[in-house]
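Just dropping this structure here.
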Amino acid sequence: MRKIIRSRSKKRGLPPGTPVYIGEEKPEAAKITVMDYDGDQFLEKQFEKVEDCFQFKDKPSVTWINVSSIHAEKSVRALGERFGLHPLVEEDILNTDQRPKMEDFADYIYLVLKMLQWDGDKGEVAIEQVSLIIGSNFAISFQEREGDVFDPIRDRIRAGKGRIRKMGADYLAYSLVDAIVDGYFMVLERLGDKIEAVEAELISSPGPQTLHEIHRLKRESLFIRKSIWPLREVVHGMGRAESSLISDATSLYLRDVYDHTVQVIDTMETFRDMLAGMLDTYLSSLSNRMNEVMKVLTIIATIFIPLTFIAGVYGMNFKNMPELDWPWGYSMALAVMAAVAVGMVFYFRKKKWL
Amino acid sequence: MRKIIRSRSKKRGLPPGTPVYIGEEKPEAAKITVMDYDGDQFLEKQFEKVEDCFQFKDKPSVTWINVSSIHAEKSVRALGERFGLHPLVEEDILNTDQRPKMEDFADYIYLVLKMLQWDGDKGEVAIEQVSLIIGSNFAISFQEREGDVFDPIRDRIRAGKGRIRKMGADYLAYSLVDAIVDGYFMVLERLGDKIEAVEAELISSPGPQTLHEIHRLKRESLFIRKSIWPLREVVHGMGRAESSLISDATSLYLRDVYDHTVQVIDTMETFRDMLAGMLDTYLSSLSNRMNEVMKVLTIIATIFIPLTFIAGVYGMNFKNMPELDWPWGYSMALAVMAAVAVGMVFYFRKKKWL
Amino acid sequence: MRKIIRSRSKKRGLPPGTPVYIGEEKPEAAKITVMDYDGDQFLEKQFEKVEDCFQFKDKPSVTWINVSSIHAEKSVRALGERFGLHPLVEEDILNTDQRPKMEDFADYIYLVLKMLQWDGDKGEVAIEQVSLIIGSNFAISFQEREGDVFDPIRDRIRAGKGRIRKMGADYLAYSLVDAIVDGYFMVLERLGDKIEAVEAELISSPGPQTLHEIHRLKRESLFIRKSIWPLREVVHGMGRAESSLISDATSLYLRDVYDHTVQVIDTMETFRDMLAGMLDTYLSSLSNRMNEVMKVLTIIATIFIPLTFIAGVYGMNFKNMPELDWPWGYSMALAVMAAVAVGMVFYFRKKKWL
Amino acid sequence: MRKIIRSRSKKRGLPPGTPVYIGEEKPEAAKITVMDYDGDQFLEKQFEKVEDCFQFKDKPSVTWINVSSIHAEKSVRALGERFGLHPLVEEDILNTDQRPKMEDFADYIYLVLKMLQWDGDKGEVAIEQVSLIIGSNFAISFQEREGDVFDPIRDRIRAGKGRIRKMGADYLAYSLVDAIVDGYFMVLERLGDKIEAVEAELISSPGPQTLHEIHRLKRESLFIRKSIWPLREVVHGMGRAESSLISDATSLYLRDVYDHTVQVIDTMETFRDMLAGMLDTYLSSLSNRMNEVMKVLTIIATIFIPLTFIAGVYGMNFKNMPELDWPWGYSMALAVMAAVAVGMVFYFRKKKWL
Amino acid sequence: MRKIIRSRSKKRGLPPGTPVYIGEEKPEAAKITVMDYDGDQFLEKQFEKVEDCFQFKDKPSVTWINVSSIHAEKSVRALGERFGLHPLVEEDILNTDQRPKMEDFADYIYLVLKMLQWDGDKGEVAIEQVSLIIGSNFAISFQEREGDVFDPIRDRIRAGKGRIRKMGADYLAYSLVDAIVDGYFMVLERLGDKIEAVEAELISSPGPQTLHEIHRLKRESLFIRKSIWPLREVVHGMGRAESSLISDATSLYLRDVYDHTVQVIDTMETFRDMLAGMLDTYLSSLSNRMNEVMKVLTIIATIFIPLTFIAGVYGMNFKNMPELDWPWGYSMALAVMAAVAVGMVFYFRKKKWL
C-alpha cells in the first residue's frame, strides 16, 4: 500500500532552506534536456551536467530546461545559485511531498504541481511532483521520473507549428500546465471506467469483493482530490497574477486551463457522490438479501415446527392414548398436519411473504 | 448507461485552441438558420454553407444565426474567423463536455449552457450543450441536435409581437437563455412526478425495484445539479456584466432569469432532500419488516420447541418410566404442554410482542 | 399530497412579462379593500372593480390597497399600468410559485413573501404567496386567498392607536411584513407541539406510525425552510436598502423583524436536528428490540435443542440399547438434561444475556 | 421536558414595541440594586420602586442598576422612558425568547445575552436571558431570576481592588459579560463530566439507558449551541464597535472575552463530535453483540439439528429396519453422531467462528 | 482518560488579568535558559531566578529567554512587569488551556501555540502549550515541560551556521514556530503508521478491538484538529502582520511555515476521511459476516427441519399405519428424505446461496 505521508525524519532538525530529497526511490542519474527557440531558430540538446546549460541564461531566446529525475541536492543547488532562486524554493523542489502552490518572487514565479498518471499494472493512480520556475525568458521544469506527458509539447516546438514558437516563456509554462491538466482527464476517464464496471457488478452479482473495490476507489479518489483542489487555486492565481512575467494573451489561455481544473473537480465530486451512492446501494442490497434469507428460514421453520410437534405427540409411549387405537387416527393426524400447513401458507400470503 | 465523462483521447497532445468535436454521435449535416430583423422588417433564411450568412455581419439590423447539429470543425472555424472569435472559443464550442460559463471578450460575450430535455423513451434527462455568441448586433447559437425549445422565440420574432423586435441582440440572447431555463422547469416537473410516484409506491408496496428507482433518481438529479449550479453564476454574471453589450433594460430581464435559476436550484435541493428521506424510509421499513419476521419466527419457535421437547421425553423407550403407565399420564402431559404454551403467550403479551 | 412544484405548462413559450395566473385553485371574485389615512383622517372602502381605487394614487395621505384572491390577469394589469409597474412584476404577482425576493425599482419596491398558516384540518402547513408594492405614499398587497393575518393591523389603523397613523407607507409595509413573520411563530409553535408529541410517543410506544410521523414532519419542515431562508435575505435587504422609500425610523423596525426571521430560522434548524435525532433514536430502538428478540429466541433454542436431542437418542428403536433397561436409566437421562439446561443458563449468565 | 419555543400567543396582533413579558414563570417582586462608584467613593442601595434610582442618571460617577426578576411591564417602561430607550428595546427586554444580539443606538448600546447555569436537580442546563444597557456613565442589567453570577463583581467593586473602580461603564459591562462567559465554562465542565461518565458506561456495560443518555446529552448540547453561536458575533461586534461608548482599553479586554467564546464554541463542537462518535460506537457494539448472539445460535442449531435428525430416523417404527437389529447398531449411530458433531466443529473452526 | 477541558474552578470570580496556573501537574522548579547572540559573539547561561535575565533586555544583541516548566505566578509576573506585558498576556501564559492565537501589541507580538509530541508509552498524543513573546531584540518562550524540540535550534545558534546568527529576533521566533510545526509531521507519521496497521488488521482479521482502535484514533485526531486549525490562522496572521517587528525576509519564511501547516491540515483531513471509511468498512464487513452466518443457519435448518418432520411422522405410534408394514417402507422414507434434501440444495443453488 502506498504510504500516506512520506517520512521527513531525514529532515528533522535541519535549518530551513536545506535542500534534501525525501522521495520514495533513489533517483537514477539526472537527465537534463534543453530546448532553446524563438520564432526563427531552434536548438535541442541533452546534458549530463547541470552547469552546461548555464550558457542559455542570458540569451534573449526562450529556453526550456527540463530536469527529469532529480539528480541530487548538488544539481538543484547549482541551478538555484545561477538562476538566483531562494533557498526555500530549492528545498521545496526536492521535498516531493509539497502541496500544489504558486509563489511569486518578483524575478520568477515558482509553481508546484502534481502530475497524475494511471498505473495500469497496479491499477492505481501514480502521483509525481513537478516543479516549474518561470522567468522572463526561461522556464525550468523538475520531474521525479522521466515521463512522456511533455512529449507533444516538444513535438510542437520542434515542428514550429502553432503559437508556441512565437510566444514567450509564459506561454511555454502554460503549455506545460495544460499538458499536466490534460493528463488528469485521462486519469478521470480510467477511474470513470472502473466506477462503471463496479456499478455493473453491483447490479448483477454484488459480493464482498465489490465492497472492497468501492472502498479502494473511494480511497483513490481521496488521494486525487488532495492534489486537485489546491491546483485550482494555483491556476486561478497564475491567471490573475499581477506579475509582469505573465502576458495578457497568456492570461486568457490560463483562464481556459482554470475552466478545465474546475471541470476536473466537478467530475471528481460527481465520482465521490456516485461512490457514496454505490456504498448505500451495496449495504441496502445486503439488507434486502438478509431479509429474504430470514423469510425463507421463517417460513420453513414456522410451517414444520408445529407439524413436528404433532408428530412428536403421537410418538409418545403412554399406555393410555386412545387416538392411537382409532382406525382413522393416522389419517386424521395427517389431515390435521395438512390443515396447519395450509393455514400457515395462507397466513404468509396475507402477510405478503409469499 | 450514459457515460460519465466523454472521452478526450482524440484531443490528447493537440495544441490548445484546436477545434475538435468530441460529442457522442456523428452529427448529421449542419443546418444553419438565419433570422434578420429590426422593428420594421424581418427576414428568415436557411443555408447549408456557413459562408452564406457572412453577409449579415455588417448589417445594422439584429441577426440571429442558429447552427443546429454542429457540422464539422470547418464551419465553426470559418464562422470564428469571420466574426473574430478567439481560437479557445472555437475549441470550446465543439468540446461538448464544457461546464456552463460566461466569458466577456470586449467585442462579444461567449456563453456555454446546458439544455435539458426529458427523454420520455429512456426515462432519463437528455443533456445538450448550447453555445451563444452575443455581439453588438448579432447572436450566434450552436446546438448539438435540432430541438424545438427555441421555436416559440422564432414565432414571436415572425409575428413581431412583444418587445423582441424592438430590442437588440442582448434581448434576443436573454430570450434564448430564458427559453433554456424554462425547459428546466419542464424537466423538474417530470422528475417531480416520478418522485411522487416512487413515494406512493414506497408507502403501498416497497420492494427492491423501489430502491433501484430511488437510486436512479438520485443519480439523475446528480447530473442535473452538475449543469444547474454553474448556470446560476453564469446568469448572475451576465446580469451584472459591465459589458456595453448588455443594456440596462435587458439586465432587468436577466435578473428575472436569475431568480428562475435560483428557484430551479432550490427545487433541485428539495428533491435531493426528499430522495435522501425516501432512502431512509425504505431502509427503516426494511428493518421494520425484518423485525416483524423475526418476531413471528421467535414466537412460533419458542412456543413449540419446549412442547416438542416434552413430547420427545415421553417418546423415550426406557423400560422404567412410571408416568407412561399412569392412566392420566397422557392427559397430564397434554395439560402441561397447554400450560407451557399459555405461559409463553402471556410472556409475549407482557413483552408487547403480540 | 401537495404538488412539489406547480405546473408551468400554461406559460410555456409565452413571451416574458406576460401575466398568467398559475395557482392551484380558480380564485373567486377579487375583493379590493382600500384604507386611506393620515394622522388626522381615516377612510375605509371596499371595491369590486380595481379602477375605483385609482383615485387614491395622487392623494398625499397613505393608501393601502389590499387585493385578496387575485381576480384575473385583467385587474393586475390595470393596476400595474396605472401605478407604473414593470411587466415582470405583473407576471411575478400572478406567478404564485415565486421564491421570496425584494426588488428595488427606483419608484417603488416590490416584495414577494410566503405567508404560512397552520391548516388544522389537514394537519399541515398552508403556504400562500403575498406580493407587496411599496410606493412613496401607497402600499398594495396581493393575497391568494382572504386571510385574517392582517386584521390586527386594520384594527390599529381604525383605532388610530400606536405609531401607524403617524408614519408613512414604509411603516405600513413593515407592519404587514411583521404580521406575516409573526404568523411564522404560530406555525412553529404548532410544529413544536407535534414534535414533542411524537417524541413522547417515541419513548412510550414507538411503532411504524411513529416513523411515518417523523418523516411527515421532516418533509413539512423541508417546505417551511424553503420559504424561510430567502425571507431572511429579503428582510435584510429591505432594512439596508438605500432606497429613499424606506425612512431611517422604519429601518430600525425592520432590523427587529430581521432578528425575528433569524430566530425563526434558528428554531427551524433546531427542529431539523431534533427530527434527525428522533429518527436515529427510532432506528436504534428498533435494533435494540431486534436484539432482545434474537436473545430470547437464542436462549430458548439453545437450551432446548440439546435436550430434545437427548430425548431423541433414547427414543431410537435399536434392539441393543443397554441404558434403556437400566432401572435408573430414565432418572439419569432426566438428570443429564437438567445438568445441560443448568449449564446453559450459567453460560448465558456469564455472557450477561440473562 | 423544557418547551422548545415559548408561546407568543399573548403577543399576537399587538403593535410592535409593546413590552409584554412572555417568560415561563410569574416573576416575584422586582429587586432593584444600585451601585454607584468612582475611584474615590462608593455607594450601594436596594430599591423597590424603579423611580428611586432615576437620581443616579445624571451623576458623573459610574452607576450600575441591576433589575433582578423583571417585575412587570411598568418598571421597564418607566426606566426606558427616563433613560431614553427605544420602544423596541423595552419590548426585547421582556421578550425572554430573544436571540443574543448587540444593537448600537448612538446614546447607548443594547445587549441581549443568555446566562447558562447547570441545574443539578434536573440534571440539565438552565437558560436565562440577561439584557444589558450600556450608557456613557451607567450600565443597566435585567435578569429573569436572581442569581449569584454577578456577586464576584459586586465584591470587587466593594473592595475597590483591581481596575474596576478606576474604569468606566464600558469596563463594568465587560466584567458582566466576562462573568457570564465564565459561567459557560462551568456548564461545559459539568457536561464534560457527564460525557465521560457515559463514555465509561459505554465501554463497561452499554444498554438502552446509555443510548437514552447520549440522546439527552445531544439535545442538551443542541440548546447550548443555540445560545453560544450568536454570542460570538455579539462579543466580536462589541470589541470592534465604532461606538465612542467603548474605550480602546476595554476593547482589548473584550478581545479576550472573544477568545473565550471561541474556545467555548470549539469545546462544544468537540463535544458534539464525541457524542456522534459515541452513538456510532453504541450502534456498532449493538451489531457486534447481535452478531455474537447469532453465532451462538447458529453453532448450537447446526450441530444438533443433524444429530436430532439421525436420532429421529432410528426412532421410526418401520417393521423392516435392518440397522435396528444389528448388535452394534446403537454404537454405530452414536459414532456417526459424534463424527457429524466433530465435523461441524472443525467447519466452524475453519470459519473462525470458534 | 485525558480531561476534555481543564477545570477553571480555581479561577472563578477572580478579576480578569489575574495570572493563575491551571495546568494538570504541579510544575517543578522553573528552568530559565538565556541565549544572547549576534553575528559576532554568543553567550549561553542558565538561571534559577527570573530576575537574573533582566540585564539582557536593553542589550542590542538578540536575546532568547526560554522558561521551561512555568514556575509560578511570581516569575511570570516579574518578567511581565519588566518587559511591559499586558496583564491579560500574563494570565494567558499560565492559563494552559488557551486556543492558539496571535495578538499584536505594538511593542511586542504574543503567540500561543500547541506543541504536539507522540507519547509512545501511552500510545497517544501529548499536547503542551507554548507561549512566545516577540520583541524588537528579544524572544521569550514559555513551555509547560522541558522538551527537546528546540534543541536543534540551540545547536544551530551555538554553531553559528546558517542564517540564524545573522538575523533578528523575528527569525528566531520563526525558527521556533517552524520547529513546532515540524514536530507535527512526526506525530502525523506515527498516526499514519497506526492507521495503516489498523487498516491491515481490518482486512485480515477484524474484531471488536479493531473497532475500538478506530474510535480511539478518531478521537485522537479530533484533539489534534482542535490544535491545528487555529494554528493556520496564527501563522497566516504572523506572515501578513503589518507589525514592524516582522521583517520582509522573515515573512517569506513564514509563508513557508504556512504552507506546512496547510499540508498538516490536509493530511489530517485525509486521515479523518480514511478513518470514516474504515468505520464503514468495519460495519459492512460485520453485516457481511452476519449475512453469512444467517445463510449457514438457514441452509442447515431448512434442509433438516423437513427431514426431521418426516422421521417424526414415522415415529408415531398409531396402530394403523400401513406404510410401517411395507417391506420397502424404510427405504422409501429414506429416499423421500434424500429427494427433499437434494431439492433444497437445488433451490439454494438457484438462489445463489451455495
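A, B, C, D and E label the chains in the order they appear, each numbered from 1.
Basically, a residue touches a chain if its C-beta (ideal position, glycine included) is under 8 Å from a C-beta of that chain, and two chains touch if they have at least 3 such contacts.
None of these values were measured; they are calculated from a predicted model.
Colleague: Answer with same or different: of all residue numbers used at the interface between subunit A and subunit B, are over half used by both copies?
Modeller: different
Colleague: Between subunit C and subunit E, what distance separates the C-alpha centroids? Give it in angstrom.
Modeller: 42
Colleague: Please work out the Cα centroid separation of subunit B and subunit C, and write it as a whole number of Å.
Modeller: For subunit B versus subunit C, the centre distance works out to 26 Å.
Colleague: Can you pull out the residues of subunit A that are in contact with at least two other chains?
Modeller: Residue numbers touching two or more other chains: 287, 290, 294, 297, 301, 305, 308, 312, 315-317, 321.
Colleague: Based on the touch definition given at the start, go ahead and assign the chain network to line, ring, star, complete or other.
Modeller: It is a ring, because the chains touch in a row that closes back on itself.
Colleague: Within their complex, state which residues of subunit E touch subunit D.
Modeller: Residues 1, 3-5, 7-9, 11-17, 86, 88, 92, 97-99, 101, 103, 205, 208, 211, 215, 218-219, 222-223, 226, 279, 282-283, 286-287, 289-290, 293-294, 296-297, 300-301, 304-305, 307-308, 311-312, 314-317, 321, 323-330, 333-334, 337 of subunit E touch subunit D in their complex.
Colleague: Give the list of subunit D residues in touch with subunit E in this complex.
Modeller: Interface residues on subunit D, with respect to subunit E: 151-152, 155-156, 161-164, 175, 178, 182, 185-186, 188-189, 192, 195-196, 199, 252-253, 255-256, 259, 262-263, 266-267, 270-271, 273-274, 277, 280-281, 284-285, 287-288, 290-291, 294-295, 297-298, 301-302, 305-306, 308-309, 312-313, 315-321, 352-353.
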